[in-house]
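You will see two complexes here that share subunit A, one where it goes with subunit B and one where it goes with subunit C.
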Partner chain A sequence: MPSPFVSASNLRKTYGDFTALDGVSLTMDRGEVVAVIGASGSGKSTLLRCINYLDPPDSGEVRVDGVRIGFGEGARRDRVLPERDIRRQRAEIGMVFQHFNLFPHFTVLQNLIEAPMAVRGLSRAEATERARDLLNRVGLSGREGAFPAELSGGQQQRVAIARALCMKPRLMLFDEPTSALDPELVGEVIAVMRSLAEEGMTMLVVTHEMDFAAQTASRVAFFDAGKIVETGAPAQVLRNPQHPRTQAFLQRILRSH
Partner chain B sequence: MDYALIAPYLPDLLSGFWITVQLSVITLVLATPIATAIALGRDLGPRPLARALAVLVNAVRLLPALIVLYFVFYGGPQLGLRMKPMTAATIGLVAMGAAYMSEDIRGGFSALDRGQFAACRALGLPFGHALRRVLLPQALPLIVPPYMTRAIIMVKGTSLASMVSVADLTAEATRASSITYQPYVFVLLAGVLYLALSGVLVAFQAWVERHLRLRYRLAR
Partner chain C sequence: MTLDFSTIPEVWPALMKGAGVTIQLTLAVLILATPGGLLVAFLRLAPQPWLRALVLALSWVFRGIPPLLLLFFAFFGLPIMGLTLQPLPAAILAMTTYMSFYFGEIFASGLRSVPPGQAQAAAALGIPAHRTLMRIILPQTIPAALPPYISHATEILKGTALAAAVAVPELSNAAKKIFVVTYRPLEVLIVAAAIYALLDGVLLLLQMFGERWSNRRRAGR
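Right after this comes the complex of A and B.
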């Protein structure tokens, strides 16, 4: 059996007295889209931040395409890698944030080409060509010269997705990408994510958008108090949840919609 | 103003002014990078380093500047560190200036959205690159006004060097006053020269702020 493309095993992470991850394990095949749902503060975002080592887990292991994130192999398996090597690993993992985190003093184009030039060593011309291509894909051709503050939230998030894709990542992490958006702007971001999923990108998406989870995800994982309590096909987890916590959460969500 | 009264002392006053200019420039040039390093160390460094720097900054910040200068100039030789007045004054003023300035710079960085740091790291940008291209340009407009105010305070503070036998503008002006019994003339003259020096900094601040506004078009 081939090993999974992404595997997180037994991740633990505490902040003081608060346990954000309490032994979380998750595997993903290449091209799979996993939606992570659950109440706020249940540890969903921490999982993403541990996967790209933005927050080092206290214990447990993450592998992406066989490569162990943050640590060496063999004799050096207990040693944290030097920052330079961790940066290289992170560059392979795209991340999209709830609040976009675009660089406000850069134009849209500069936001996209900064890291490919600095980290991947692309020439300005190469990076610009790649960036224009991506802006076209996210429906923002012609906005290269705009500053983030001149764009709507939905447009900013699409720029942020294009910025992450400009690094040609092998895995994409989305941390509540539509939670900060006005309701009428959610659709355009979801559409971009959906087309990305159709192209075969491996995606781990923390979201409150149940429609996205139901229609686009290949699997849904329900998070509660630092643990994945239920995981399975969207139809199963969302329509016929087994765990009482999942049932209670989904009922709350349905009532509020 | 009686030029004949001033003339004999003018060379000494100008040489004192020149020493004040030198002391100001050296102090600012040395204190700024030290202050930046302290600010970054406290904000982003490992916890023991951050704590040690906090203690150091507060120790210097909470003492009167004159006590720090006396400590370096008079206390130094007792510890076997004999130095020229100018060196002692520079060390004392740089220590004071760097401690204060580090707080101004730290303020600018802590006002930055933490998401900017996260985005830089997630993209794999090396820290130096992130600092230079992403973080500093956003922090600078916040740092410049308090930093420049501090710079002006430091320039004026160089007059304390006169207390540890540096022949700066204040020292020369008080010397001329006590010989001629005409403090009105000489202290006023010194004041005008200090005003000119600080005025340069004010003009510089206006230029920098204009430049930053144009360059980064920050929507603040």
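Right after this comes the complex of A and C.
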């Protein structure tokens, strides 16, 4: 049996005596798009931060393309890597945040080329070429010189996606990428994510956009109180939920739309 | 009362020498207390609670005692503990310590003003910690930290007069040495005050430019 492209096994994470992740396991095939839904505070963001070790889990393990995140190989198999090495592993995993987190004192171009130059050792020219390509892909060519504050929220989030892609990640994590946007700007970001999915990017997407989950995700996972309580094809989980918590959550979402 | 400035040309070189020491002392403290303040700021925000508490307590102590007392401690107290300093280095040490804690508070609140998402985004991209600090975090503290930083720098200039108490030959001390022999304190003090005002003016100009620049940055350009 081939091992999955991404596997998170039995992740636990506590903050004080609060359990944010209570034994979460999840696997993803290459090119799969998994949508994570669930109530506020259920641990969705914590799961993403544990997967790229921004926040190391208390126990459990994460593997991406066979590499165990946070740990070395061979003789160093059982030892937590120094932060410096973890950062290198993390560079393979792109992350997009709810509030974009662009660097406000950098131009769009600087935002994109900073990490490829610092981490991948690309020359400025190489990084710039790659950045222009990506800006073109997210529909923002010509805005290289703008500062984030000069862009709309939708544009900023597209820059943030391009910034993550500039590292040529193997996995992309999205944490409610459209939740901070005005409704009329959600579509442009979703469109970029869709085209990324069509190109075969492996994506784990925390979202409240049920249309995206229904149409683009290959699987939906429903989170409740630090656990995945239900997972399956979008049609199944969204239209015919089995777990009472999923049913209640979806009803609430439907009512509020 | 008549003012007679005729002796000034004669004592001018001595005043200039004093002004030179004042400038030296100001710059030395500024140059040393700036990294000192950064160090204090990082320790104030360290992940270890005991370290944060320790530095907070030190900061409270050092900002609470009169700088003159610190100066006496550096000059008269340290020799008893085996470290004898000349007046100028003693003054630099005392003022640097004092100012490092002031700057530390300014820099710490500057660092706190940078949203945590910035460091998170840099970490998610794999950017090394030191580079994140130098290129992502610190530049974003400048708009908030620059104006109070410069206004404290003018405090350093005025504070250097205290060093006269341990016989540092700075401007105030030079003025005093002159008028005790010329018996014309008013004229010499007026000239010394004018020199201070001039030096302060340079710092005020810097402050003005700094504020204008940081307002522009805050406005998102």
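In this text, the second predicted complex is superposed on the first by the 251 of 257 C-alpha atoms of A that agree within 3 Å, B and C clash if a C-alpha of one lies under 4 Å from a C-alpha of the other, contacts with A are read in each partner's own complex, and residues count from 1 in each chain.
By definition in this document, contacts are C-beta pairs under 8 Å (C-beta built on N, C-alpha and C of every residue); 3 or more make two chains touch, one makes a residue touch a chain.
No experiment lies behind these values; they were computed from the predicted model shown.
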So, after the overlay on subunit A, do subunit B and subunit C clash or fit? They clash
| After lining up the shared chain so the two structures overlap, which partner does A:P104 touch, if you call subunit B first and subunit C second: first, second, both or neither? | both
**Asked** Is A:L54 in contact with subunit B, with subunit C, with both, or with neither (first, second, both, neither)?
**Response** both
In subunit A, both subunit B and subunit C touch residues 52, 54, 83-84, 87-88, 90-91, 93-95, 97, 99, 101-105, 114-115, 118-119, 147, 149, 163-164, 167
Per the touch rule above, subunit A residues touching subunit C in the complex are 52, 54, 83-84, 87-91, 93-95, 97, 99, 101-105, 114-115, 118-119, 147, 149-150, 163-164, 167
In the complex, the residues of subunit B that touch subunit A are 113, 115-116, 118-119, 121-127, 129, 133-134, 137-138, 216-219
Note: in the complex, subunit C contacts subunit A through residues 115, 117-118, 120-129, 131, 135-136, 139-140, 217, 220-221
The subunit A residues in contact with subunit B across the complex are 52, 54, 83-84, 87-88, 90-91, 93-95, 97, 99-105, 114-115, 118-119, 147, 149, 163-164, 167
